[in-house]
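Next up, some structures in structure tokens.
First subunit A sits with subunit B, and in the next complex the same chain sits with subunit C.
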Partner chain A sequence: MTAPPAERPALSPSRRPLRRRLLPTLPLLTLLAMLGPVAAGLGGTLLPAFGHLPAAGETGPSLDPFRALFAWPGLGDAVRLSITTGLLATATSLAIVVLITAGWSGTRAFRVIERLLSPLLAVPHAAAAFGLAFLIAPSGWIARLFSPGLTGWERPPDLLIVQDPWGLTMTAGLVAKEVPFLLLMTLAALGQVKAQESVTVARALGYGRLTGWLKTVFPRVYAQIRLPVYVVLAYSMSVVDVAVILGPNTPPTLSVQIVRWMADPDLAMRLQAAAGALLQLGLVLGALALWFLLERLVAWLARRWIASGRRGRVDPLWRGIGLGAAGLSAFAVLAGLAGLALWSVAGFWSFPDALPDGLSLRSWGRHGPAATEALGETALIALTATVGALALAIGCLEAEHRYGLRPSTRGLWLLYLPLLVPQIAFLPGLQTLLLFGGADMGRLPVILAHLVFVLPYVFLSLGDPYRAWDSRQGIVAAALGSSPDRVLWRVRLPMLLRPVLTASAVGLAVSVGQYLPTLLIGGGRVATLTTEAVALASGGDRRAIGVYGLMQSAAALIPFALALALPALIWRNRKGLAIG
Partner chain B sequence: MRKLALAAALLAPLAAFADPDPADWDAVLEEARGQTVFWNAWGGSTTTNDFIAWAGERVAEEYGVTVEHVKLTDTADAVTRVLAEKQAGQDTGGAIDLIWINGANFAAMKEADLLFGPWAEDLPNWAFVDTEGKTVQTDFTVPTEGLEAPWAMAQVVFIHDTADLPEPLPSMPALLEWAEANPGRFTYPQPPDFLGTTFLKQALIDLLDDPSVLAEPVAEETYDEITEPLWTFLDTLTPLLWREGRAYPQTGPRQLQLINDGEIDLAISFSPGEASTAIANFQLPDTARTFVLEKGTIGNASFVTIPYNSASKAGAMVLANFLMSPEAQLRAQDPEILGYGTVLAMEKLADEDRRGFEMLDLGIATLSPAELGQVQDEPHPSWATRLSEDWQARFGVAE
Partner chain C sequence: MDKGLELRGLTVRQNGTVLAALDRRIGPGEVVTLMGPSGSGKSTLLSAIIGTLARDFGMEGRVHLDGTDITDLPPHKRKVGILFQDDLLFPHLSVGQNLAFGLEPGGSRAERRARVEGALTEVGLEGFADRDPATLSGGQRARVALMRMLLAEPCALLLDEPFSRLDAELRQQVRDLVFGTARQRDLPVLMVTHDEEDARAAGGDVVRL
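Up next is the complex of A and B:
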């Protein structure tokens, strides 16, 4: 028992009845706050999809928007791309995370990979995608390093690597970004299961390190990272920025095409876009259902495998593959960032030079002041949204705990709706909602809109560790005379410091990376690093993208550094808590 | 009479909420002081962003108007926004005060009654505008009717890297011939990007014996016959493009990066000064130059327009007027800054202002006004829409 000795609780009888009334309603309030916008937004999509958009002179109902959608010749390819890139990116990311954690957790190599990968979660998708594109393009950094010396290329070869029609480069870009996300979620979950003990016992019984981990730890870990995996799937299928930069364009993925239709000056195209958005929603739900079935299949197969008692002879091979893949994924993002950093200070730099002709701070002089201003806005929005989300999430979880309000599985799905419904499917409707409420201007609505997305991530990140907390600790504290509040503040939250900080960092990163909500709900008036960077991205000025990409990465990276460093620092005298 | 006076007295307090009248310029200036203008303008070009920031500082100094640049990736986003506001019944205090616009977006807003005005031709600096030599009163053949004010002229030029492509190409057939000899060294932004669509229009104009048919809206009976040469041309050209036409740059500036990376040798641009500016910013090699086709190239004007529900119409007009001032126009034409063509008529300017333009060094890669040659009119906006749609059906989903 490492908890501090209990003091006498400061009872405040006058406040407790109020809290008793407030706390049980929090889950409901939270659900309403999140579902209201999503439901309204979906309504705003549903009506145009069935031909009702009075502003464009259309009053439904009709199926014409769907007819127009199915008449689009690129639909088959766009749908295929959405499904294959989403499933492939999710499966690959999960496999890499499982292999590296199973094969290496507890080793020095794992700690190196963990330190390399975790902060990379902070790197915004767009910045990572740009870095990757510059790395592997035929005129990219890797080609430049070996040209013309080894390759003999005076001019870059005409090869379709970036934007390939199979979406493989795009998948690689997604994997490089989702591996850190799933790894961080796995690390947070590992704190809740006695992984090391289980593996030690398994190894004592003759199991290989990897096989032992897979058979004893993975089932418990997967139960905790399952929703993050679903989110990765939903996100990968409907992502826009990465698909624009790395994905094919003849045709593009469905979500990119929807964005294009939405932006068409011909207002009637919005109907077709709405129909596409509903199709995208259906695809995501279908893929989630498929994944769910695959989980069952894998679980059935795995149980037989576990029962077979095989000890894992090829473990070393799989461990090598895991380390290689995780290392490569970290390398891709880091080298891409280095490329961005170099471009931000580059003078003239053309193929096949491996380095720019000269270095200059001109780009920072040009873009630095505006970027700093956007950084302030970004930080303000992200901090407010995250603190709000954290308060609501902890309030909900605590209410669940105290009053046995644990939501049903269906309730959980509703809670994660904003993450599983493609943003493009309901944000325009959300914008109309805010307009009607007279809240269309400025920062506050943007913060509230961010909250819709930040809250589920924070909840997703915090919920499982919070619920998996051993409540006997609370019983002991209560037996020593602590009130429920005191148990929360003095025992539970301190013990859960790592997941709480992880959740905060995730919340901040989510907010920093939001593009569509900031643009649509802010009416374009709220300039964050991300909206500025994506606006610049369309122009392809690598120097400007370098400046903004680095600033954006820093904005999200620092909280993650703190999330990793603080528990170790604070609990340096509590071995069990410090390692987590 | 007395009734009228009474009515006027009763209505007087309401006048404060009425729209500003551009003919009474002093009142506009008065009202504008202290207003904030949210200028929605494409934010993909760093040089344009810098210019907009400068214009904002100047009108803040001079007229007490604050300018916020809302950086768009696509101007249609602003159109959509105003439409959404109208849909929600927000007829005052809208989020957008000024939009950088032209072509189909203007036509859509005008058609849907989303614009304030007329106001543009009542601005004081309208007196300097070249209404005879430049297409400032029609926007892609659609009459502007004072609903938008011009602030920059653009003309199609082709940027070439003389290290690989030393001689200008006189025509589209010559371009095709060169591409056959140098496969994979040319591409254009993917329609519906406006520059990509412009390439289609430019190619069609150049291939037609009589491009005047394009001034009329698209007619179904003649469409196939008129566009046939374009599709034949593109069928031959596409496999010779960069990446065999299986991928395209998504925007114009992206082509500059491709030239810089040595991936292509030729790109289309809608700004005669863009190449010089890009060389100064290390974005193009100093071997880049520009040329126009022998028969001439498409030219048009960039405008600014005010949504009907803007909260700062007076401030927006003050900014629009400033953009047409000799001071702003001279700065915009400086290739070190922006390199956009002026909308002003030199003979209407004061001597001192005119000398400023004459002294300007247009930059190493910029053609002189004489070298820019014949300006061809933009086709009716329906052509851009239709060509872009057909291109997407034929080439946009092709393997």
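Up next is the complex of A and C:
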């Protein structure tokens, strides 16, 4: 007999109607949580930039805000700084990552660097920037080590090293933090290409380790890390907290100046700020376009280089440079942290002594209570945003799994969009909307603003392990009578405990490090460790900065330590879930 | 009641073309072996029967189990068990917890524990309940996987190349155990393999795709 063609049921229809309605809506809800604020904020920037801000008594359209912006004497320098720091920081970070990976992957030195990766990544930008300043300032640790012996300095020299007008120190601070990020992305990409085989073949053909990697592996890896590179470029061009700490002051970078205008009691300055924000967005888009063209040029040159058949005789030199640069950038962050720690417990410490006269807990006693309060606020915001992001990310991935959807390139771009649009371009607009829309500023809007940035990172961190899970485990569980929900809670999530905790740690670290969303959307009423620490930058109280910087770093680092320790503890009797 | 697994014109298509088709009844205790080169859609046919066919495939026909049409049921309501070439024991659960995972809810803790112990004893693994599955040998793990599936009391058993990861000596042993227990419980068995030896050991009909 022939059976009538049957409509196949959905992969695993849940019997519970609520779930059935909730789960499919999660991807949409996620997009809304991520892109809604970006779109609204851009809108809220666009209108005032063209002179429309009824609350300030201005109704547009007019070009006055742009006229005022172009009349600002610092604009030329600010624009130049944005472009040079962005391109230089991105190119340098990428070069270091490429050299270290090409020259050293698979070696013991590389494994040491890999192990340092998570902590380096977790250290917030502001803390790393302070740490760098403590190292290289004229009165910093390095100068102290060589003074007066080598330098003859009895007092700090009058040199503008930190906050130099060229933004070089700021660029260095960015590089130290972007190298770990790009390296992490590169390692993830390496997992998807058969790198080792290609290099082995190339070396058998007489190519050096580095040249072989560059010619056979890099083109495939770059295709995968392109979006993260764009993120680094957009971020480096428009960052605020690092620029406040390490960037030039008079005039400051465009992003910092926009924040100053936003804080001006004169509401009309918001129009100028909005125009500046649009200009900053334009600069970033322009630089991304330029980078895109440079990619083409480099690809064309590289194809000729590959076809030339050169085997790479100076490889050892480049390998050395790569290791040196990567080691230096890791050292800058770690030694900087040590500097923060030392200053936080330093008693009297005069130049040029390399170490303080004595240690004391006075700074902790003085700043501890306020810092602890800020820690509470930081933790509350970070935990809420991260739990929300986890729920949405797991919901999306599970919907993808149950309804047989495929992750698409377009989806990936959407995920990266909130990271590509500079914060300074849409957060002022979002603040203006909230302020004049009658919404309350404060903790909840700040949490939602953090979610915009926490969500993509949590999703990116969890996505690969979630999708790589052996779905036959789920089939077996279903054949044993488990509903899709039971499979999720009793099998999939426990097995994915480690990546879920890692994604949580990433989310917490991202939230802890957020400066601009807390400052602008909190309306000055939400004090986290990051906003408090950055606020200390102009004062130069190194002991206070040490306390806040160290607590900020701890707030970001401890979750990573827990993400390592907890699965090892919980699954200590489960060899099948041990690492590697 | 009409016992057994009945595939009525079961056809799996990919992009409109027929990938595999099977129309036959498998009685209680009977083993039918499905053979064919890789890519011939054997495993896809199995996922159609347990209800986990991927979206890219189309399906026609009905699947009946013990007289009930299960074609539109979700996988966890079908009462069709499956064993893969990997044992797929849940790595986060102990051996005993793995076995208890498939037990129907209900019964006292002691009763459930006794059933788990009984199942372990049946395959010569008494006292293994608290062990980490990762510390078991391949043969032991295969036996636990079999008992886990049987404790869920399926009404049919599907085997997807179940012995191909075991070495020759072990293979014979596990094969006998699986076919023996299935026959003893009157389960209809559909096996996919490309090992002629498996087919001979099964002793039932062989369908070639």
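To be clear about the criterion, the second predicted complex is superposed on the first by the 397 of 580 C-alpha atoms of A that agree within 3 Å, B and C clash if a C-alpha of one lies under 4 Å from a C-alpha of the other, contacts with A are read in each partner's own complex, and residues count from 1 in each chain.
Going forward, contacts are C-beta pairs under 8 Å (C-beta built on N, C-alpha and C of every residue); 3 or more make two chains touch, one makes a residue touch a chain.
Source: prediction; values computed, not measured.
Q: Tell me which partner A:Phe348 touches in the superposition: subunit B (first), subunit C (second), both or neither.
A: first
Q: Check whether A:Asn249 is in contact with subunit B, with subunit C, with both or with neither, and answer first, second, both or neither.
A: In the superposed model, A:Asn249 contacts subunit B only, not subunit C.
Q: Looking at subunit A, which partner touches more of its residues: subunit C or subunit B?
A: Higher number of touched subunit A residues: B.
Q: What is the contact status of A:Gly320 with respect to subunit B (first) and subunit C (second): first, second, both, or neither?
A: neither
Q: By the touch definition at the top of the document, which applies to A:Gln473: first (subunit B), second (subunit C), both, or neither?
A: second
Q: Tell me, which parts of subunit A touch subunit C in their complex?
A: Touching subunit C: residues 1-3, 5-9, 11-13, 15, 404, 470, 472-473, 475-484, 486, 490-491, 494-495, 497, 571, 573-577 of subunit A.
Q: Would you tell me which residues of subunit C are touching subunit A in their complex?
A: 8-9, 47, 50-55, 58-62, 71-82, 84, 86, 88-92, 94, 101-102, 104, 132-135, 148-149, 152, 154
Q: In their complex, what parts of subunit B are in touch with subunit A?
A: Within the complex, subunit B touches subunit A at residues 38, 40, 43-46, 49-50, 53, 68, 70-74, 76-81, 83-90, 95-96, 104-105, 107-108, 112, 183-184, 190, 192, 242-251, 253-254, 256-257, 260-263, 281-283, 285, 385, 392-393, 395-399.
Q: Looking at the complex, which residues from subunit A come into contact with subunit B?
A: Answer in residue numbers: 54-56, 72-74, 77, 137-139, 155-156, 158-160, 162-163, 165, 244, 248-251, 260, 262-267, 270, 346-352, 360, 366-367, 370, 428, 431-432, 435-436, 440-441, 519, 523-525, 527, 531-532, 534-544.
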